[in-house]
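Heads up, the next two complexes both have chain A, just with different partners, chain B and then chain C.
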Partner chain A sequence: MAERKHAWGPRDQNVLIGKEITRIDALPKIVGSAKYSADINSKGTLFAKLVTCKHAHAKIKKIDIEAAKKVPGVKAVHLFKDIDENEIKWDGDLIAAVAAERAEQAADGVKAIEATIEYEVLEHFVDEENLEAGKKAERSKVLGSASEGDVEAAIQGAKVVHKGYYGIQTISHMCLEPHGSHCEWKGDDLDVHLSTQNVSGTAGQFAEPLGIDEANVTITGNYEGGGFGSKFQADEWGLAAAKMAKEAGRPVRLMLDRATELKTAGTRPSGFVEVTVAADAEGKVVAWESHHWGTDGPGGGGVDVQQLPYPFKFPNFKRSQTGLECNTGPNRAWRAPPHPQLCAMTQTALDDLAAKLGMNSYDFFLKNLEFTLNDKAGTYAEEMAIAAKAIGWQEKWHPRGEGKGPVKRGLGMALHRWGGGAGPCTCEVKVHPDGSVETFLGSQDIGTGTRTIISIVLAETFGLPLSGVKVNLGSSKYPTSGASGGSITVGGVSGAHRRAAQDALWTIFDKVAEKYKVEADGLSAREGKIFAGKKEVCSWKDACRLIGPMPLVVKGEGPKKDGLTADQVGGVQMVDLSVDTETGNVRIHKFVCVQDCGLILDELTAKSQVLGALIMGIAYSLSEERIMDNKTGRYINADLKNYKLPRIGDVGELVAIMHQPASEYDRGVVGLGEPPVIAPGAAISNAVANAIGVRVPVLPLTPKRVLDALKKGGNA
Partner chain B sequence: MPDQGHPTREDQIRSGSGFSRRDFLKGSGAAVAATTLAQSVSETEAAQQAGTKVAPAKASAVKLDINGKAVTVTVEPRVTLLDVLRDDLSLTGAKEVCDTANCGACTVLLDGKAVYACSVLAHSAVGKKIMTAEGLAGQGVDAVAQCFVKHDATQCGYCTPGFVVATRAFVAAKPNATVEDIGKGLGGNICRCGTYAGVIAAALECSKKGGK
Partner chain C sequence: MSDFNVLQPAPVLGERCRSLRCKGMYLNYGLSEADRVAGDGNFWCSRNQRAFGPDDQFVGDKECRDAGRSCYEA
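Let's look at the complex of A and B:
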């Protein structure tokens, strides 16, 4: 018998893999039958609301949570802070929770507690862009540095040297389903519906602090309304829901309110940088020197110094970082951390250097691809050529600021990389004697299409329609699977399922071979039938009857280095936009992303992932930011009215081109979820600089920042 | 009763006054809100004539027509239609996201008109036909819902039911809509994952077919 090896099939023989497949859980989401954690409403459920701090830095001198218990309908109260020891370090930090029969009664309870609180207000610092003020307030700390080569000598010998200032503001995750859970005790067992990216990894986070066994906790997460890196934990509010449920003897649903979601449940750190970058006469970068600062909240961290410049390693570099301890909500991983900030802080400076050299940005980036990491230079060059053609780069290109009239048009580009290797996954695939197939795994579909691509892999392998396989995920009682972060899910689940399905199929082939007296090696499964070469042997159902009375159960595991999955992806983005120099408004005409990610399982959902990332990128590039008020220390736009996200009419024409030559297909599956969100900041900023002839240094490029930059003038 | 008692989506999107009706209703107290209702006014008058103290903030029965079914809930006048749908009736297609009439995740149809359920008091929805996202799955799946599936206009899905309901009202009112029309007409809904490209494709196709 020939050696049986786990592998993907030849590309031209795929029936489902790589086609445009609509997602299998779309309809339940659309008609509202999909139940998110915020939708769980089992009998007797109490609704909880939160008391949060209205100061940036304070101590609680007095609080009476008993006041809420006198309010009609209130059934349980929870105090987050031990008031003798804890100080509150940001506006919006949690103080207490109230659970009541009805949401409005819980709100009454919150008001009753708020009336009893006395604060000792302490000095705050939230001015994260202002390094000097941070030093003066003794809120700064040196976070590290690195250097290689001789930067001074390289700058001395360079043809062109550019010095510039760039930055990118803090943003929040803004998950539309806020963080939270529904907790229900059944005797000693705790059932938690958790809005999470980490179904298999959160039971212990509930069990240990509650003093119960992890085996007594079940985490369910069938649908999740956005996480973007911020939902891996049980969180103190999850534990509060469980404790109040215990106290009241009733289920409790506690979802963060919108303001608390933005203030407390995760932010992306800011980064501000002073750069000196130099090139030789050819346009090759010879030296990079940078110092950056910013904040990730009270911890005083920021954007990792080790990854700047991004994604390049130039011959001579020197970089250092200062962190600012701010009275702002703590950071959490935000889609591709911290690459969007690294990209925005690097490739804006590089584009200004290109302008100073008098080079077309395209030629400049092409010339410097040799310094990119992970051996991707060749792929980037291919992607640049494809993107340039799609956007009409060479026809539309002009040197900076040459347009006539008040509305100026410009082009910009940037490139990115990400790992995306397969994450841990265990699955249990069952082939029933009647031919039906199902799988169980403790993974989650956070909107990326995980259910759908698992269905595709199983159906393709068994030669069945998508309707012939059933995917069961979203329970911590299923075989353990990794958290969905780092774009590792698609590789994890597809590798494990291909392995399990091929193992199951080979077992079935052996039974068919024996029964029908054919060679097992020559068998294939397609169109619901088993074939020997081109000859039909039996139906899939006939084959499965040979399994016996009990289902065939096969475990799939990953990741493995068997060629089914790989890591490292890259992409190139180009944008064509206009800037109204009278209003400061930026309007995207066309935004192109050419993206590689190895073997693509579902072309439709892959493209959706890219298009969505471009829109998130437009958000943080043009309008979205956390605004802190220096005077009060408060997050003053923590709502969906003043925290500006693009609407459907604001995004322009978006083009996602999946770059999948044979060399990519042959690499196997690589994660795609995060990478396309990395480059928009630099690409859009570069296009604005190309349009108006001056650099708007800090993202997002709001009308005010654009007008301020124009007023200041100067060349980059 | 005409629709003027309810803020329409057109009133609420960014081009509007920026004044949140919901905050007004919440902030001005339940008694004021309740007296905007004809029924409550007569009750108040009756109470005044009887010389008793007016206390209209108590929970009372509301009969609502939701997806063609009559349901009765007993709630205080300050309770929103959204809270009744989600918490009293477990009709959780309409989502609570902003709670301030900005994002459209709670969009439902009131007599065929798209409104933010977070900005409608349950008591003021009496006598109107309410349709939620769940109503699109009744007899045969609605064409707009099918178009959303086809064009992959959902990712995490949390904004989706509100977007679908808004699109249902939009395509009925605007056959042969352009992309620009869609930008304006569906500008009252926010998606964080970035499904706008899919929604535009779905709305274009449905609008072309006149919403059928």
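Let's look at the complex of A and C:
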């Protein structure tokens, strides 16, 4: 018998893999039968509301939570702070929670507590862009520095040197489904419906602080309305829901309100930088020097700049960083941390250098691809050519600021990289004697199509339609699988399921070979049948009857280094936009992303990832930012009206081109969720600079910042 | 650029507090250090599920190796 080796099949023989397949849970989501944690409403559920602080920095001198208990309908109250020990560190920090029969009664309970609170207001600092103010307020700390080569000598010998200031503001997590849970005790057991990216990893996070056994906790997360890196924890509000449920003897649902979601559930750190970058006469970068600052909140850290300049390694570089401790909500991973900030801070400066050299940005980036990481220069060059053709770069590009009339048109580009390797996964695949197939795994579908791609892998392997397999995920009682972060889920679950399915199939082939007196090596499964070469041997159901009365159960594990999965992806983005120099408004006409990600399991969900990322990228590039009031220390736009996200008319034409030549297919599956959100900031900023002739240094490029830059003249 | 030439001494790091948690722990479990797939610099305390520990001090990789903290547990 030939050696059996786990592998993907030849690309041209795939029936499902690589096709555009609609998500298998699209209909339940559309009709509302897909239940999110925010939808869980078991009998007797109490609804919780939060008391939050309206000061940026304070101590609680007095609070009376008993006041809430006198409010009709209130059944439980939880105090988050030990008022003798804990300071309030940001506007929106949690103080108490109230659970009541109805949400309105919980809100009344909140008001009753708020009326009793006395604060000692302390000095605050929230001016994160102002390094000097941070130093003066003694809120700065040196985070470190790194260097390689001789930057000074390289700058001295350079043909062109550019100095500039750039930045990107803090944004908040804005998941459609806020953070939160529904907690219900059943005797000593706790059932938690949690909006989470970490189904297998959160039971212990509830158990330990509650003083119960992890085996007594069940986490369920069938659907999630977005996480983007912010939902790996049980969270203090999750513990509060569990404690109040215990106190009341009733289930409690506690989802964060939108203001608290924005203020407390995690931010993406800001980054500001002074850059000196130099090139030789050919346009090759010879030196990079930068000093960074910004904040990740009260911890006093900042954007991790270890991968800067991004994604290049120039012959000479030097960088240093200062963190600012601010009275703002703490950060959490935000889709592709910290690449969007690094990309924006690097590639805007590089584009300004190109302009100073008098080079077309395309030619400049092409010339410097040799300095990109992970041996991807050739792939980037291919992707640049594809993107340029799609957007009409060579026909439309012009030197900066050329254009008549108040509305100026411009092109910009940027490139990005990401790891996206396969994460840990264990699954249990069952092939039943009647031919039906199902799998169990403690993973989660965070909206990316995980159920669908698992179905595709199983159905493709067994030669079945998608309806012939059932995917059971979203429970901590299923085999342990890793959290969904770092774009590693698709690699983890697809590799594990391909291994398990092939192992199961080979077992069935052996039984078929014995029964029908054929060679197992020559068998294949397709169209619901088993074939020996081109000859039909039996139906899939007939083959599965050979298993016996009990299901065939196969465990799949990963990651393994068997070629099913890989890591490292890249992409190129190009934008065509207009800027109204009288109003400062930026209008996207066309936004092209060319993205590689190895073997693509579902072209449709892959493109959906790209399109969603571009929309998120447009948001943080043009309008989305946390606005802090320096005087009061308060977050002044923490609502959906003033925390500005793009609408349909703001995004223009989005084009997702999946770059999958044979060399990519042969690499195996690589994750895609995060990388396309990295480059929009730099690409859009570069297009605006190309349009109006000056750099708008800080993202997002709001009308005010555009007009200010035009007035001032900007960089380059 | 006033801080540019300030070089940080390499920190002397002890053992992490047992209650320290980060995203990478849930992404890289079971993998060797060379095979780790993702992570970030965000930490929280498993005891109170906050970015500040029971002692109200910041939770971080460096900070939570300090055996002198009142809440530290080896």
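We adopt the following convention: the second predicted complex is superposed on the first by the 714 of 716 C-alpha atoms of A that agree within 3 Å, B and C clash if a C-alpha of one lies under 4 Å from a C-alpha of the other, contacts with A are read in each partner's own complex, and residues count from 1 in each chain.
To be clear about the criterion, contacts are C-beta pairs under 8 Å (C-beta built on N, C-alpha and C of every residue); 3 or more make two chains touch, one makes a residue touch a chain.
Predicted model, so just to flag it, every value in this text is computed and none were measured.
Superposition of the two structures on chain A leaves chain B and chain C fitting side by side, clash-free. Look at A:Ala613: by the touch rule set out above, it reaches chain B but stays clear of chain C.
Contacts of A:Glu438 after superposition on the shared chain: neither chain B nor chain C is touched. In the superposition on chain A, no contact is made by A:Asp280 with either chain B or chain C.
Judged by the touch definition given at the top, the superposed model places A:Ser33 against chain B, while chain C stays out of reach. Once the two complexes are laid over each other on the shared chain, residue contacts for A:Gly238 go to chain C alone; chain B is not touched.
Contacts of A:Asp510 after superposition: neither chain B nor chain C is touched.
By the touch criterion defined above, A:Gly447 reaches chain B but does not reach chain C. Taking every C-alpha atom of chain B against every C-alpha atom of chain C, the smallest gap after superposition is 21 Å. Taken together, the two structures place no residue of chain A in contact with chain B in one case and with chain C in the other.
Chain A meets chain C in the complex at residues 85-87, 89, 142-145, 198, 200-201, 204-205, 208-209, 229, 232-236, 238-239, 274, 291, 296-301, 304, 318, 320, 322, 330-333, 337-338, 419, 421-424, 482-483, 485-488, 559, 567. Residues 13-14, 18, 20, 75-76, 78-79, 83, 86-87, 90-100, 102-103, 105, 132-134, 136-137, 141-142, 145, 148-150, 152, 154-161, 164, 180, 182-184, 186-200 of chain B are the ones that touch chain A when the two sit in their complex. Contacts from chain A toward chain B in the complex involve residues 22-23, 25-27, 29-36, 38-39, 41, 47, 102-104, 174-177, 223-226, 228, 255, 257-258, 446-448, 604-605, 607-609, 611-616, 639-641, 645-651, 654. Contact residues of chain C toward chain A in the complex are 1, 3-8, 21, 23, 25-31, 35, 37-42, 44, 46-52, 55-56, 58, 60.
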